[in-house]
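Heads up, the next two complexes both have subunit A, just with different partners, subunit B and then subunit C.
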Partner chain A sequence: MKRPGRGIACMWYPIGFTVAANPSSAVVKVNEDGTATLLTGTVEVGQGSLTVLGQIAAQELGISADDVHVVSADTDTTPMDTGAIASRTTFVTGNAVRLAAAEAKSILFEVASEMLGVETEELEAADHKIRSKTFPDKQVALAEVAVRAQIVRGRPPLGSASFNPPTVAMDPETGQGKPFATYVYATQIAEVEVDDETGEVEVLRICAAHDSGTTINPALAEGQIEGGIAMGIGMALEEEILFDAEGGQVNPNLTNYLIPTSLDMPKIEVDIVQSYDPVGPFGAKGVGEPTLVPTMPAILNAIYDAVGVRIADLPATAEKILMAIKEKERAEVKQLGSA
Partner chain B sequence: MHHIEVTINGVLRRAEVPPETTLLSALRDSWGLTGSKLGCDVGDCGACTVLVDGLSVNACLLLAVQADGREVVTIEGLSGFEYLHPLQAAFERLSSYQCGFCAPGMIISAKALLDENPAPTELEIREALAGNLCRCTGYTKVVDAITEVCRDHANAVGVEESA
Partner chain C sequence: MSERITKEKQAEAQRLLEAAPATHLPAVSPRLLPEVPALTPEVNKQTPAVGQRVSRVDIRSHVTGATRYIDDLSFPGMLHCRILRSAHAHAKILSIDVGEARKMPGVVATLTGDEIPVNSFGSTYQDQPVLAADRVRYRGDGIVAIAAETEQQALEALAAVKVEYEPLPAVFDPLQAMEPDAPKIHRNSNVYTSKVIMRGDVEKGFEQSDRIFERRYTTQMIEHVPLEPFASIALWEPDGQLHLYSSNGRITLGRADLARTLGLPMNRIRLTATIIGGNFGGKNEIRTEPILALLAGKTGRPVKAVFTREEEFIASTTRHPLVMDYKTGVTSDGRLLARSVNLVLDGGAYASWSETTVGKASILAAGPYRIPNVRVEGHAVYTNKTVTGAMRGFGAPQVAFAYESQMDEIAHSLGMDPLEIRLLNGFEEGSASHTGQLLQAVALKDTLLMAAKRSGWMEGGR
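On to the complex of A and B.
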């Protein structure tokens, strides 16, 4: 008989480690046509970080993300980056990009200040223009300012910056400190059906609420969460690397190492909870790895809710679940017998 | 060596290949069409999916000589410099993919489905994609994009019919 169950799991996850140096750097160059070029050492593998970094530079400069040309992952031309690891790119590299863009912008502001007769503190960059905050009609095209900065003032609008997350050293007495720059939080709920005669689990639905700070690109963040849940489902129910006695992998292929297919994936509902991180670029934190952390415990709790067995050894295969159900039934019979 | 002639994306191509050559390696190595990906080479992942005479096939499981005289459509045949296939446009709009390695095969599988059945249910879409593994996305936005293309198609047909 198929038995329904629901489980819930919450997690926190640290972003921007500080136990070792964790710097990222960026160079931003504003071009004479009002576009910008961004140099970053970080690596795009599909997570969308170059899009997000381009958005951050664009936001700081008041231009559109399409106008930012991102050059990445080639340390012959770009700065070194600690890596596309630890869910740090938006937070750490994003901050370096924001600071570099801010430096280029401050040069543009100096030049625009003379052109408009407005103090630099009174200026803002928006809509491809530099304009007065109080009298927005006092404005000049950003491209025009960039040209003037280059060929009249001799101050090319360039910025370069590094960001290394702020640390508070651990107090040897109390053990207190700040090992990470910030934390993200999430809760996921899994709805499953467990067949108590075969031990098979079907995940019917996962609802995921994630706080990642102020989300810079919601579609990409959702994609990361959905993908993380797929990995979490695989890890919970089917994925396992098997080794032989010599340490060789027994299942180095997708016939025997199973990952979820389109048919294994349930309905996923993603709720992006907006918050603001005071250190993150425009309030953002990070989203990569934390996405799969609550998936497994939520599914295992749902299995417990459905058939009353706790599986502590992943993956929770049908075989293990069935054995646990049998074990539980035997224990119950024994108890009845001894009563 | 075998001489083969295959119509690929409407263009007749020729090659001399050893008998064990798969259609996938002929596409990639003889004809430089690297859009179809080599994921596993044994029919597990679907990254190499192409259409052969309109049917979706794992190009790593078909010998090149078996494609002799047939019509093959690869991902390169779906779009040009000026336009995207509606499926590709929808995938782009919804940010359906991440690394994109699975995308060429998945797009071909989706095309094969819609050529056959322009109004599939969600389950039919998921069944059509079941042979295309994706490590990044959870398939959610892929299914959403295909659903959107079907809806747009149904609306367009509806407009034509009521006109």
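On to the complex of A and C.
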């Protein structure tokens, strides 16, 4: 019989890594037509980081995402970056990008200040323009400022900057300290059906609520969360590298090492909780790794809710669940007998 | 003439696109796919840029197959490299004979560990050989690399390599590897990195508790399974600079490792990472790059290596299996008073990213809860198994499985709602973490309540 169950799990996860400093640098060049080029040493690994970094540069300069071209991942042409690791790209590289864009912007502001007769502190960059914060009608097109900065004032608007997350070294004996600049939080609730005759689990629905600070790009954040859940389902129920007695892998192929496919995916409902991190770029934190962290316990707690067995040894294969159900039934019969 | 054909083709492509509903592109894309506006052009052009559902800069090329991964790159005269891997999990190498292999059809060069200027690498400890020269510590250790005209020829030549081993006792279980009489894999102790977190007095906390919950949780070894296996091409530019194209997620560290293993100044190495087809932590260090650089130097030709799916499993890194002993003391109304955690990470044959993983796992192990008394101890242990390293979550998924399973058990045992016990104990704005860090922007309870609302948790509550 198929028995329904549901389980909840939450988590916390740090942004950036401990052990060593993990800085990022960035270079932003504003072109004569008001578009920009961003140089970053981070690597796009499929998560959409180049898009997000472009959005951060665009936001700082008051232009649109399409106005920023991103050049990445070349040790000769792009500046130092600790890399696409530790869910740090939005937070750490993003801060470097924002600071580099701000430096380029300060050159534009100095030139615009003369053009508009407005103090630089009174200026803002928004909607492809540089304008007075108090009298927005006093404005000039960003492209006009950029070309003037370069060919009249001889000051090409470019900026370079670095960022390293603020941490405090941990005491080696007590582990007390501030190992990470910030943390994100998440909760997932899984609904499953467990067949108590076969031990088979079907994950029907996952509700995922994730905090990532300010969301730079909701579509990409949702994509990360859905992808993380797929990975979490694999870890919860089926994936495992097996070894023979001589230390050789038994299943080093995708025929015998099973990963979830699109057919195994449940209905996923994502909520992104908005928070604001005072250190993050525009309040952003990160989203990459934490997405799969609550998935396994949410599913395992749902299995318990469905059939009353706790599997403490991942993955919770159908065999393990069925054996646990039989064990539980035997124990219950024994209890009845002794009563 | 050619211009007219191009225009005709473009018109044909446009017709095909227009004939098909937006969601059903032709199964085979027209050779010349005309520029069509992005699905949401207005978003990418809007300001402010932050918060917009901007479409990815690379989405069009991914969907049309125009993205060029390493395996799509080719250079004139390029050779292909394959690597012979160990036949034993732990053994001394007595001799390596590549004489016959060199005579095989298509073979241009071979490389062994003793030809590598500095034959070791590693992100924290440089304990891993680029090619094993005198000892193998797991079945994924490479021993001989062969560059040939075709990949098939390189593969066939591997069978002609003769390696003589003297097998050594091996250990595969991390708990057994911690025993004093266990076979030693690198040094006097197989425990190579540890972390301790202490806050309050955990024994006193247990004494004050009404109930104690104890359980051992274990997790498995997992492969990243990126769509694109690890791939790299080495070539020497005419100006004497070494240029590597590599699916490496950390080029700064990658270049430093290359400079070290090859004994080259950093400004003579250029590491270019292309768009990578999935990383998840498995591409955060060098793998074949120094080997290809040396083979390219020997032959004067570009050399490429792309991992097979099997190599991706046996010779890349994997997720640490953990043995986790959790003990938690609570009051009868569900408040957490003390938690002690002991973590043993199966570190595999080489250190890789274990130090970072032990650190993160230990820092996070007690969960996002206000607990006055905490003690966490984590150890990474060498075994003669596949190297475990960086993987999405760095130990956090394993400990979350344990702490959240135990929270559920505590709630059920005390007759509490699992949501309620989390709301009762969860971190709040300004809470101190288990390392004494005052936390800000703490959205834990918001996520709990939002997920609960979305799922209808309260309505179905017990």
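Operating definition for what follows: the second predicted complex is superposed on the first by the 328 of 339 C-alpha atoms of A that agree within 3 Å, B and C clash if a C-alpha of one lies under 4 Å from a C-alpha of the other, contacts with A are read in each partner's own complex, and residues count from 1 in each chain.
By definition in this document, a residue touches a chain if its C-beta (ideal position, glycine included) is under 8 Å from a C-beta of that chain, and two chains touch if they have at least 3 such contacts.
From a predicted model like this one, the values you see are computed outputs, not experimental measurements.
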{"item": "Subunit B versus subunit C as contact partner of A:220, first or second or both or neither", "value": "both"}
{"item": "Contacts of A:45 with subunit B and subunit C, given as first, second, both or neither", "value": "both"}
{"item": "Subunit B versus subunit C as contact partner of A:261, first or second or both or neither", "value": "first"}
{"item": "Which superposed partner A:34 touches (first subunit B, second subunit C, both, neither)", "value": "neither"}
{"item": "First (subunit B), second (subunit C), both or neither touched by A:65", "value": "second"}
{"item": "Touched partner set for A:5, first subunit B, second subunit C, both or neither", "value": "neither"}
{"item": "Subunit B versus subunit C as contact partner of A:229, first or second or both or neither", "value": "first"}
{"item": "Subunit B versus subunit C, judged by how many residues of subunit A each one touches", "value": "C"}
{"item": "Footprint overlap on subunit A, comparing subunit B with subunit C", "value": "45-46, 48, 219-220, 228, 231, 253-254, 259"}
{"item": "Parts of subunit B lying in touch with subunit A, wherever the complex brings them together", "value": "39-40, 42, 44-45, 94-100, 125-127, 129-143"}
{"item": "Subunit A residues touching subunit B - in the complex, by the definition given at the top", "value": "45-48, 219-220, 222-224, 226-231, 253-255, 259-263, 265, 268"}
{"item": "Subunit C to subunit A touching residues, read off their complex", "value": "43-58, 88-90, 124, 138-139, 170, 172, 195-199, 215-223, 225, 248-255, 269-281, 283-284, 309-310, 313-314, 318-319, 355-356, 359-360, 362-364, 367-368, 376, 384-386, 390, 392-394, 396-397, 400-401, 403-405, 407-409, 412, 418-419, 422, 426-427, 433-437, 439-444, 446-448, 450-452, 454-455, 457, 460"}
{"item": "Complex contacts: residues of subunit A adjacent to subunit C", "value": "6-14, 17-19, 41, 43-46, 48, 50-51, 54-56, 58-59, 62-66, 70, 72-76, 80-86, 126-128, 168, 170, 173-180, 182-189, 191, 205, 207-211, 213-220, 228, 231-232, 234-235, 239-241, 243, 246-249, 252-254, 257, 259, 269, 271, 273, 275-278, 282-283, 285, 288-290, 292-294, 296-298, 300-301, 304, 310, 312-315"}
